[in-house]
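What follows is a structure written as structure tokens; I'll ask about it next.
Letters A, B and C mark the chains as written, and numbering starts fresh at 1 in each.
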Amino acid sequence: MPSAESVLFMFGLCAMVAEAMTAALAAGRRKMDWFGVAMLGSVTALGGGSVRDMLLGHYPLLWVKYPSLLLLTGGAALLTIALAHVVHHFHLLFLVLDAIGLVVFTIIGCSVAIEMNLPLIVIVVSGMITGCVGGVLRDILCNEVPLLFRAELYASVSLVTGALYVAGTYYRLGDVLVLLVSLAVGLTFRLLAIRYKWEMPKFIYERGDPH
Amino acid sequence: MPSAESVLFMFGLCAMVAEAMTAALAAGRRKMDWFGVAMLGSVTALGGGSVRDMLLGHYPLLWVKYPSLLLLTGGAALLTIALAHVVHHFHLLFLVLDAIGLVVFTIIGCSVAIEMNLPLIVIVVSGMITGCVGGVLRDILCNEVPLLFRAELYASVSLVTGALYVAGTYYRLGDVLVLLVSLAVGLTFRLLAIRYKWEMPKFIYERGDPH
Amino acid sequence: MPSAESVLFMFGLCAMVAEAMTAALAAGRRKMDWFGVAMLGSVTALGGGSVRDMLLGHYPLLWVKYPSLLLLTGGAALLTIALAHVVHHFHLLFLVLDAIGLVVFTIIGCSVAIEMNLPLIVIVVSGMITGCVGGVLRDILCNEVPLLFRAELYASVSLVTGALYVAGTYYRLGDVLVLLVSLAVGLTFRLLAIRYKWEMPKFIYERGDPH
């Protein structure tokens, strides 16, 4: 049976590829050039973990240690250009890959903070930063209000996944079990949220700027 | 008589709450969901200090050390949703709270850099980063050109406050005295600037992009 | 004969001034106030190196060590306001200065990573971050999709310059020689790209958001 770490690592690579490919589509909607597509892919796939590591002072960053990740994510983004004309046939696959990315990155972020012996809340927040910030960077670079703040249960999925993973780890329920359960619950939650268009209530405030 | 440190800490908490609440109103203008409101509140309230600490290599970050600050700021932002229908009655209170936030964060930023024995200019800039960057992050995440660069004497207030605080500390005029004088002058300056619509001259350049 | 280091340092100062001045023009197009102009100038000129240093954990940052760089870049941006009415006469000069900035920053970024004994890909990426991120920050703060991702051979010039510099250093072809050749090739490449409007192919994807 494979160790939890190697399972997480494999899922992590898939998640990076998935994030880079969805970022490439966003770049295509903004008519970026090929180089821009590759860069946006790498920033989106590796940005969440990089911001987390800078915030926590956790050096060296993953892509500094394993620079081939830059080629993997940039390459996945470029590959998306070639596949663009068939990508819409794989709409569902992309949604699932994106959901896997969110959940896996969240768990990786939690496990980094657990290793650093950080407080409970910081562990969960570390998971959320790792899971969500890549997409926020993508949206900022595409000059949009981050989807994260506006739509769907994205951050909530990250929070629930992280809380489950932390609780399971705390009660020592077995690494692989905890990993698979958090993954399954987070993924199901995310896909149900998309399928049934679950949303958080919105806060609408229409008075003028108080300044 | 309380120590300068404990006074600054108390004011700092108030400032964080104030920044989180004004950020929540900005989130409401962008129709963000509740989770987005809480996140934007925390990022705005804690972002200036976090960017400063990453730039200066000053670890651990405040919210990593005191994770309850995440709950405080996120909670304050959520509370604002419940209070939104009466918030406009407290327009003036918000302006004062926001001004307190700017001035207090500036002083905290200066005192962190002083403790690190950094050069004079860096101390003042550390204060400005702490005071102003939270609002810049809020505006970027709301997809606006940061107010900081466009309007009112905001950065100038931070500069004056920081310079006063640094000068007073340098000449050892007594911690509490220096703190209170910088606070009072900065706050007065900011409120006068709002009241009389003081503005820096603007640079308007209407030729095309040189590229 | 001057050392490669002192030549690079001199070019680096010119590049910072150039970047601050082009940022000031961007600020003027957004009608920022004078303080905003100075801040945008400093952020653009020093931002690429600062982001690189935070990503690589390379402390202290350059402007913390040499705080007069803050005055130099902020001052250069303010000077641009005074010169704005004649700036269009120096259109070509600005293009050349901006190209020098790109190429010099790239080489500085590579040499920092070489000193840190980082892997080859990271060295080249460190050069690209140093050369390109200042302009990305400028565009984000001006609320635009970064030019980098959309237009011209900007990142490509940075990549080629960095690759040349790294190859030359690896084969120990002599510090000053390698420096001058990378500079000359990068600069020529950039100016030819502007003159003949060379562009990377763009990726245009017009289907809706997959979400």
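Keep in mind that, in the parts below, a contact is a pair of C-beta atoms (placed from the backbone, for glycine too) under 8 Å apart; a residue touches a chain by one contact, two chains touch by 3 or more.
A quick note: this is a predicted structure, and the numbers were derived from the prediction, not measured.
At the chain B-chain C interface, residue numbers used by both copies make up under half of all numbers present, so the two copies contact each other through mostly different positions. The copies chain A and chain C differ by a rotation of 120 degrees on their C-alpha atoms, rounded to the nearest 5. Distance between chain B and chain C, defined via averaged C-alpha coordinates, is recorded as 30 Å.
Residue positions of chain B with contacts to 2 or more other chains are 54, 57, 140, 143, 151.
Looking at the complex, you find that chain A touches chain C at residues 22, 24-25, 27-37, 39-40, 50, 54, 57, 59-61, 63-64, 67-68, 70-71, 81, 84, 87-88, 91, 94-95, 98, 140-143, 147, 151-152, 194.
Within the complex formed with chain A, the chain C residues making contact are 54-57, 118-122, 125, 136, 140, 143-146, 148-151, 155-156, 199-207, 209-211.
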